[in-house]
Amino acid sequence: MDVVALEEIRRLKYRYLRSLDLKRWEEFADTLDEEATADYGTPVYGEPLKLAGRAEIVAFMRDKLGPDIITVHSCGQPEIDIDGADATGTWCLEDTVIATEYRIMIRGAAYYEDRYLRGDDGVWRIAHTGYVRTYEAMLSFDDLPSFQLTANRWAGQPTTP
Amino acid sequence: MDVVALEEIRRLKYRYLRSLDLKRWEEFADTLDEEATADYGTPVYGEPLKLAGRAEIVAFMRDKLGPDIITVHSCGQPEIDIDGADATGTWCLEDTVIATEYRIMIRGAAYYEDRYLRGDDGVWRIAHTGYVRTYEAMLSFDDLPSFQLTANRWAGQPTTP
Amino acid sequence: MDVVALEEIRRLKYRYLRSLDLKRWEEFADTLDEEATADYGTPVYGEPLKLAGRAEIVAFMRDKLGPDIITVHSCGQPEIDIDGADATGTWCLEDTVIATEYRIMIRGAAYYEDRYLRGDDGVWRIAHTGYVRTYEAMLSFDDLPSFQLTANRWAGQPTTP
C-alpha cells in the first residue's frame, strides 16, 4: 500500500474542495489535469452537467459561483485505489449552496467517482470528477421568518469577479 | 504505529457507510464479522436497537431501508487503536434520513464506538458497531411549503426489494 | 512525508473536537498547549472572539457550553504541513449548535487555520486554532411547528457544571 500517494491524493481533493468554496480559481485550476472532465448531476442547472477541459470547468465555476453564492462542500470517506500513475476514488459529499439574492438554500448529498493522474512532474491531478446524487433538496428562506444569515464571507464583495 | 492497518480500518468503515447508503446489501454484509453486534440508539425506532449477528443486522437494514427511505451517513474524525488483530475506533457521525412517503426528515449526530477484528484471511471486519446520539431531530416537510426534493437516487424504484 | 506525524496531528484535532462536543473539559484542555490562542469568528457572541492561554479557552467553553447547549463539530479535509516540531493545518468545519432553552439552532461552516507544536514530551498539541466563517445562519424552532428533538445526550442533566 502506497500510503504517501494516498495522502497526496486526499490532499489534492481537499485543495480542490477548499479552493472551490473559497473561489480561488487559480488554485482550483491547478488541481485539474488540462484534459480533465467533470460530470455534476445537479438537476438545479437543468440537464446533467458535463464539462470537458480544465479551462471549461474553471470558467463554469467562476461564472456560476460569484459572491452572491455561498458554497460549502463537505467531503470525506475516501476509498482510493492506486495503479501506478493512475488512481480512482469514491467520496461521500454533502454540499450546501446558499443563493443569498434569491433567498434559497440547496442541500444535497452524493457519491463522487473520481479519476486521478500523476503527471510527469510527479504531481497528482484530477483527471475526472463526477457524482451521482443521493438526494438534493431546495428551500426558500421565505418559509422561515426567523432565518438570519449571521455571517457571510462574501458579503459586500462586488458581484463582478 | 501501523499506518497500513489504520488505512484498512478506515476504508472498511467507509465501505460500510457507502454500501449502507447505496443499499448494496451484499457489499454491506461483507463489512461485518459473522458474529457482529450492533447497537443503534435511535429512539425513532422505539427502544434502543440491539442486533446480533451479520444476518440479523443485514436483514434489519434491508427491511427498514427500502427505496422510500433516503439515508446519508456522513462520518469522520476516526480515533483508532490497534492491538494485534483487534482494534477499536470512535467516529463522529452526522446522518440524514428522508422518508419520502411520510414527508419527514430526521437529522442527527452521534459518536460511534466500534470494534474491529482481523480475520484469518487478513481482512478487517466490523465486530461491533454502536453509537450514542448527541442529538436527533425530526421535521415534517409540511412546515416548509417551498421544500422540493430536486433529486432522489431511489425515485421510481419498486418498493419491494 | 512524515505519515506518522500526520496521523498524530489528525488524531489530536479529532480528540479536540470530540472532547468539545462531549463537554469533557479535562480531555479538551490536554489537547491545547499551555500558551494556546484561539480566534473564533462567531458573530453570535458579538465581537470576534480572541482567547489566550489554555486556561482561558477551557474556561470559556466550560462556561458557554453547559447542558442546555448541544454542539456538533464536524470537521475534515485536513491540509497539514509539518516542519520539525511545528505544523500548520487547514480544515473544513461544519458546526451545529442547538440552544434547547432558547429553541434556536445555529448552523455554519468555516475553514480552520491551526498551528500545532510537538512538546518536549513528544506529544503534539494545538498552539493556535481559529477560523474564518464561510457562513453562519440562525433559526428559531418556532418557525417549524412539527420540529421535535427526539434525542438529546444532555437532557435531564443539571445546568450547573
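All chains are identified by letter, namely A, B and C, in their written order; residue positions are counted from 1 within each chain.
Following the convention adopted for this analysis, contacts are C-beta pairs under 8 Å (C-beta built on N, C-alpha and C of every residue); 3 or more make two chains touch, one makes a residue touch a chain.
From a predicted model like this one, the values you see are computed outputs, not experimental measurements.
Shared contact partners of chain A and chain B, listed by label, are C. Residues touching across the chain A-chain C interface largely differ between the two copies, under half of the numbers being common to both.
Per the C-alpha superposition, chain B sits rotated 120 degrees relative to chain C, a value rounded to a multiple of 5. Centre-to-centre spacing of chain A and chain C amounts to 25 Å, using the average Cα coordinate of each chain. Residue numbers of chain B whose C-beta contacts span two or more other chains: 3, 74, 76, 94, 143-144.
On the chain C side of its complex with chain B, the touching residues are 3-4, 7, 11, 13-15, 17-18, 21-22, 70, 72-76, 94, 96, 98, 143-153. Of all the residues in chain A, the ones that touch chain B in their complex are 1, 3, 6, 41-44, 74, 76-79, 90, 92, 94, 104, 106, 108-109, 111, 132-140, 142-144.
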